[in-house]
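Naming follows writing order (A, B, C, D and E), and every chain is counted from residue 1.
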Amino acid sequence: MDSSLLADLVLNGLQFGLMLFLLAAGLTLVFGIMDFINLAHGSLYMIGAYFTASFTLLTGSFWLGLLLSVAATVVVGIVLEVLVFRRLYHRNHMSQVLATFALILIFNESARLIWGEQPLRLSTPDILSQPIQLWSGFDYSSFRLFIIGTGLAVAALLYFIVTKTRIGMLVRAGASNREMATAMGANIKLIFTSLFAVGAALCAIAGALLGSILSVQVGMGESILILAFVVIVVGGIGSIRGALIGSLLVGGVDTISRTVLPPLFRSFMSPEAASNLGPALASILIYVLMAGVLFFKPEGLFPARS
Amino acid sequence: MSQTLLELQGLVKRYGGLVATDHLSLSVKAGQTHAIIGPNGAGKTTLIQQIAGGLRPNEGTIRFDGQDITVLPMHKRVQRGLARSYQITNIFKSCSVLDNLALAVQARSGSSMRFWRPALSDSAIFDEARELADTVGLSTRVDAIASNLAHGAQRQLEVGLALATRPRMLLLDEPMAGMGHGESLQLVELINRLRGQVTILLIEHDMEAVFQLAECISVLVFGRIIASGNADEIRSNAEVKKAYLGDEVAA
Amino acid sequence: MSALLQVEKIDTAYGASQVLFGIDLEIHSGQTATLLGRNGMGKTTTVRSILGLTPARAGSIRFRGNAINSWTADRIARLGIAVVPEGRQIFPNLSVKENLIAFACNRSNSPGPWTLERIYQLFPRLKERARNMGNELSGGEQQMLAIGRALMTNPHLLILDEATEGLAPLIREEIWTCLGQLRDLGQTTLVIDKYVQRLIELADQHTIIERGQVVWSGPSGTLRESPEIWQRYVGV
Amino acid sequence: MTPIKSTLHHRLSPWRCALLLAVLLAFPLLATLLGQEFYIGFGSRLLIFALVATSLNLILGFGGMISLGHAAYFGVGAYTVAILMYYDVTAAWISWPAAIAAGAVLALGIGAMCLRTKGVYFIMITLAFAQMIYYIFVSLSTYGGDDGLSLPQRSGMGLNLASDSVFYYVVLALCTASLFFMYRLVNSRFGRVIQAIKENETRMQAIGYPVYRYKLACFTVAGALAALGGALFANQNMMASPSQLYWMQSGTLLVMVILGGMGYFFGGVIGAFFMLILEEILTSFTIYWGLPMGVILLLIVLFLPNGLASLLERRRGESS
Amino acid sequence: ADSVKVGFLSTLSGPGGALGIDIRDGFELAVKHAGGKLGGLDTEVVVVDDQQKADVGRQAVDRLLKKDHVDVMTGMVFSNVLLPVMPSILANDTVYISTNTGPKEYAGEKCDKNFFVVSWQNEDIPAAMGKYVTEQKHKGVFLIAPNYPGGRESIEGFKHLYKGKIADEVYVKLGQLDYSAEIAQARASKADSVFFFLPGGMGISFIKQLVASGLSKDMAMYTPGFSGDQDTIKAVGEPMLGMYNAAQWSPDLDNAQNKQFMEDFQKTYNRIPTMYAAQGYDSAMLLDGAIRKVNGKIGDKDAFRAALASAPFKAVQGNFKFNNNHYPIQNYYMRLIYKNDKGQITNKTVGTVFTDYHDRYATECKMK
């Protein structure tokens, strides 16, 4: 394997993994800590991407667009929490599944109504649109490097907040026993709403960043949502550290198998057959990874609570 | 005299660095009521869990009625006559009292891999469940939903479920916890009635009950038994006093 | 002098079933008061109403001069009430240390507040298990932790609801001693427990309730001299 | 002797069942009379999803096993029929039982591995296995890969299944039989055990039940019935496609059951009927049908916590 | 009948949605032109989205045929939808006018009297590119296409006339948007040119990512017209300049009907049409001509089919005839993306690759 392929693998894996992390982090907080299954998490990601596209168009600046989008998505997240989710915390997981499934429908259809059937294009900001030469003979997308940086920064910040600060403890306390945490003087309502807001903000960032390389379209949330769930289950639900390791594992497995398997198969079978098998196997490997982890560690790699 | 029913040998259970059960050996004679007392965190619940099959010991063997059951799954132990009640009430909350008991009776009356015949046509099961409700003093409440019962009545049902499996040995983990004096007395009475038919291993911090019921008391400290004997011996044991009883015994 | 806590004629119900019928209760600063009664008589419910967890339907509750009837539970707690609840209610996903420090503060501006070190002194067992998660503790250890957690907020009023349940006799003794020390330090406390004789020695003021109503209240002296009262209502 | 009152017993009103059956029997005639033959095929689809959703309700609502992989059995049932037909095995007598067997074996295998985990981890690991199967079929280019495998014709069984009406009655017969079987099952000894496991698994162990074995048996039965549904669906739709195996399909089935009412015998039927009919009605008004659909579903969760069936039946444990 | 009902099943959402939308707009433009009539008959177009999914298409077809009772069907974009639904349409003896994909499945032995293609056989345009790229004498070409019949046929077509070295051949999932893995493979393959068939949003993402990765500097890009048309250009912009791509149609083709089409389309929709729009427009015009030819008696199916086969209309791409397999005989042009005098980026014709091209499967067809 030559060095440029190796570099591609490492960087692509990191980029995809950290992107997943931005989504998984919010999901793991809401799910692991508040014990709330939010299928509409992917919808916030979609909304974030759409907002960024619209605001970027409106203001002419990606950065301003991103900022406004984060704010708007947070508002949507808070409204959702106050109007819907709050009534569902004490209900069973299945009610939450049904309610948030309904929200997916509502979000997707609203997006289609507002922004149309056609995928929107969100261009990377100018200063990050050119490749960067990392060393002679190897260029890499500066935008993807930026994603890697953002992901790492967010991971560090979240890890610190959740595990090292009082806020983090209060959040976890409120999650396991809401009434008791309230009786001890914590304003759990406010804390939970804020937590949702943080999750929404992360979604918006992820939507903006990934939307710029891919495209902004209805349904973009669902396909990645399931991967985000895989990530948090592999990492251990509720653990930020787990979400990070899980994201990198899933990102790594996906990237390596998608890059390495098809050529490997092509070396001994027809390109069409290899292309059937390669990507499918790459996707399967992610689930094999999850099943394998759960087989040996039934609560994920870093269970946040036992 | 009477033979040994339960025998523990060199039992060890570790949680990370903590040794919750430390090379513990113990034997309980058939028909006896044997109490285990000890400070908080001494490893009493951990011990019960291992005997009942909810936890696997790291070392040592558990023999029940002469046979090694160390690695037997929980339901097989129950089938051999080793039943437990839980420290925290653990019943079928949304089912009626009758259904609770009938389920336990059904467990030992033939296979339940029967897919076609309505279960209600098995009236023998339900008759027996009613009798059991009588035994534990719930005969007037058979149709009540378990979660609507008062705390004390739920504790009675808890014991009833264990009894319904027709155990030869009953493991009771702090059955009086959270009960007032009145309910405690009722339970003591019930356990007294079972004496002779069922061997009982009792964990309790309520010394009054322990001294009243147990023929033999073992004191567990740091996962080890530091003393065994009858009520008087334990009461007067200086080490036990220091580690566990304090001055309260006098009261 | 007005009372620190003043409960007047509260009615409380769970859904359709009313449990409290006009409970009165008064605790003055520095007092140790008790609430006595058989199982299921409404002791815990009274506490829950004070804490705002199951708000009273009628009547008034005043604490430190504020009418707190309609306050949310967290606001009431921040005014300086802490509880050691029935059934411990430890946070299973926080370590022992985190359980203690998560809510720590000095709500009564006490000059010598409770700190982590002092709690560890009181319950050395907790120090040994400091890094364990709440759910990895034995029943009794959890009880100690619940008491420590409440003390760490340095409340004006400390409420202990069956705080000795599941504790070994020796530890139970320690708790009584500790409560005595707290009283000497001027801590106001409301205790619910089944060891009436101990409480008579420890507390100043007693309230006995039966089926949601106050059937007797008075000072320790009276109760000590007439055991038939508590034997009748608490039953031994 | 007093009749036994049991909270684990499910009683159905014979009148309501007879009425439902009568309506279903008359449906094709009615549709033909109104010149709406198209809806006969739609009726078959309703019945098939009612069957599959009920099989999921068996493990989800009665057994408490939240599987997000039910589409695997549904899809494998469909593929069994399609693949057999690809090799010119057209007889329904062979391919439908084969589909049931395939579903059962698969559920047995997957269940054996998944049932060791609990809660959310069970949800995710069932999803994992279903997704693996999905990708396996996507990669099998012989059987159409991503594009699915079309059926040149419906299975043969001596009746003219090409006629939508005849096919409808065959589906109706099989669904009724399957539902009746599940009804007996729920009220049998086995059914009581399953429901009690859902209620309190550890206690079931502590009174002597080999819990794992019962759960696995239930999981297998549900897989087999879902596969039958899949076999019928392949015939109805004239193709087996990977999307039938995709997690969205599992999710939709889950939503049907929750919507209809978990643990109510007719929960699956009601949920499937409601979702599909609502979709049919809404699509005729607007292409943005997802919006009203979402709003309606949301209102139902918020105001009917136990699902639609709670309007009709009272579930055990609910005080009167 | 005095009216005709057209079932228009197309991909209108998702990454491939732009294609279906342009086909629909082209089709509707032609109908509007004729005053809402085709061949003098009042026309109702029932538009349905197949979401680029076979099973969605399957159910939609069932509905169009059995519930809406449409007279003809048209509109589909992708062969992975078309192939599984076609048997039901043909079994129902309904005419289908293919507005886009022309799979080899129905070009040879299985050619069908009800199946007409106005666009091209799937291999035709890529074959034109294969011929052209051979002439550029690159060291190696990296091939990439979606893994579905249309994609596989495109690569087959390219290879049919490409005589140079193939560095690597990669297939991706239809609808894929992240090409990091493929770009890594392309870099590793050391190819100095890339031929990609990636319709709609797929192509847009690919080009953008290829440019962002810096690889485009070392690789010449070639594509069939499908990814070199206005929908892609609009989204990608400048990086498209100078890219060669082949198609059966080009905006600057010099004939009357094309001039009118270009003018009307831009006036109505305020954008430059794509080849897909042209194909939609042609389809409607074909129907219009054929219905007129049978005097509105579309109930007489044999006559109607015969009328269709005679291609009684003027196609916007100029010469157009149906082959014996009902696939087109037409010219294929090489186009270059440039900036026109209005500053718009668009295609211009730079040459003709094939004249009156017959697809290579037609000989196997024995049309009854």
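Convention: contacts are C-beta pairs under 8 Å (C-beta built on N, C-alpha and C of every residue); 3 or more make two chains touch, one makes a residue touch a chain.
Per UniProt, the chains are A = Amino acid/amide ABC transporter membrane protein 1 (HAAT family); B = Amino acid/amide ABC transporter ATP-binding protein 1 (HAAT family); C = Amino acid/amide ABC transporter ATP-binding protein 2 (HAAT family); D = Amino acid/amide ABC transporter membrane protein 2 (HAAT family).
Nothing here was measured: the structure is a model prediction, and the numbers come from that model.
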Worksheet item: Along touching chains only, what is the step distance from subunit C to subunit D?
Response: 2
Worksheet item: Which contact partners do subunit A and subunit D have in common?
Response: E
Worksheet item: What is the chain whose Cα centroid lies farthest from the Cα centroid of subunit D?
Response: C
Discussion item. Contact counts by the stated rule: is the higher one at A-E or A-C?
Written reply: A-E
Fill in: Core chain by centroid distance, with centroids computed from Cα atoms only
A
Worksheet item: Cα centroid separation between subunit D and subunit E, in whole Å?
Response: 40
Worksheet item: From the C-alpha centre of subunit C to that of subunit E, how far is it in Å?
Response: 78
Response to the item:
Distance in whole angstrom between the CA centres of subunit B and subunit C is 31
Worksheet item: Taking each chain's centre as the mean of its CA atoms, how far is subunit A from subunit B in angstrom?
Response: 48
Discussion item. Multi-chain contacts only, two chains or more: what residues does subunit D have there?
Written reply: 145-146
Practice prompt. Among the residues of subunit E, pick out those that touch two or more other chains and give their numbers.
Written response: 49, 147, 173
Discussion item. Counting only residues that touch at least two other chains, what does the list for subunit A look like?
Written reply: 112, 272, 276, 279
Worksheet item: Among all the chains shown, which pairs meet the touch rule set out at the top?
Response: A-C, A-D, A-E, B-C, B-D, D-E
Worksheet entry | Residue ranges of subunit B touching subunit D (in the complex, touch as defined) | 52-54, 73-76, 78-79, 83-84, 86, 90-96, 98-99, 102-104, 106-108, 112-120, 122-123, 126, 143, 145, 148, 161-162, 164-165
Worksheet, complete the sentence: Listed in rising order, subunit B residues that touch subunit C in their complex are 15, 37-45, 87, 150-152, 174, 177-183, 205, 207, 243-249, 251
Worksheet entry | Partner subunit C, residues of subunit A touching it in the complex | 166, 169-170, 172-173, 175-177, 179-188, 238, 304-306
Worksheet, complete the sentence: Interface with subunit A, subunit C side, in the complex: residues 51, 53, 72-74, 77-78, 82-83, 85, 89, 91-94, 98-99, 101-103, 107, 133, 135-136, 149, 153
Discussion item. Quick check on the complex: what are the subunit A residues that touch subunit E?
Written reply: 2, 4-5, 8-9, 12, 15-16, 112, 117-119, 121, 124, 129-131, 133, 139-144, 213-215, 217-219, 255, 258-259, 262-263, 266, 271-272, 274-276, 279
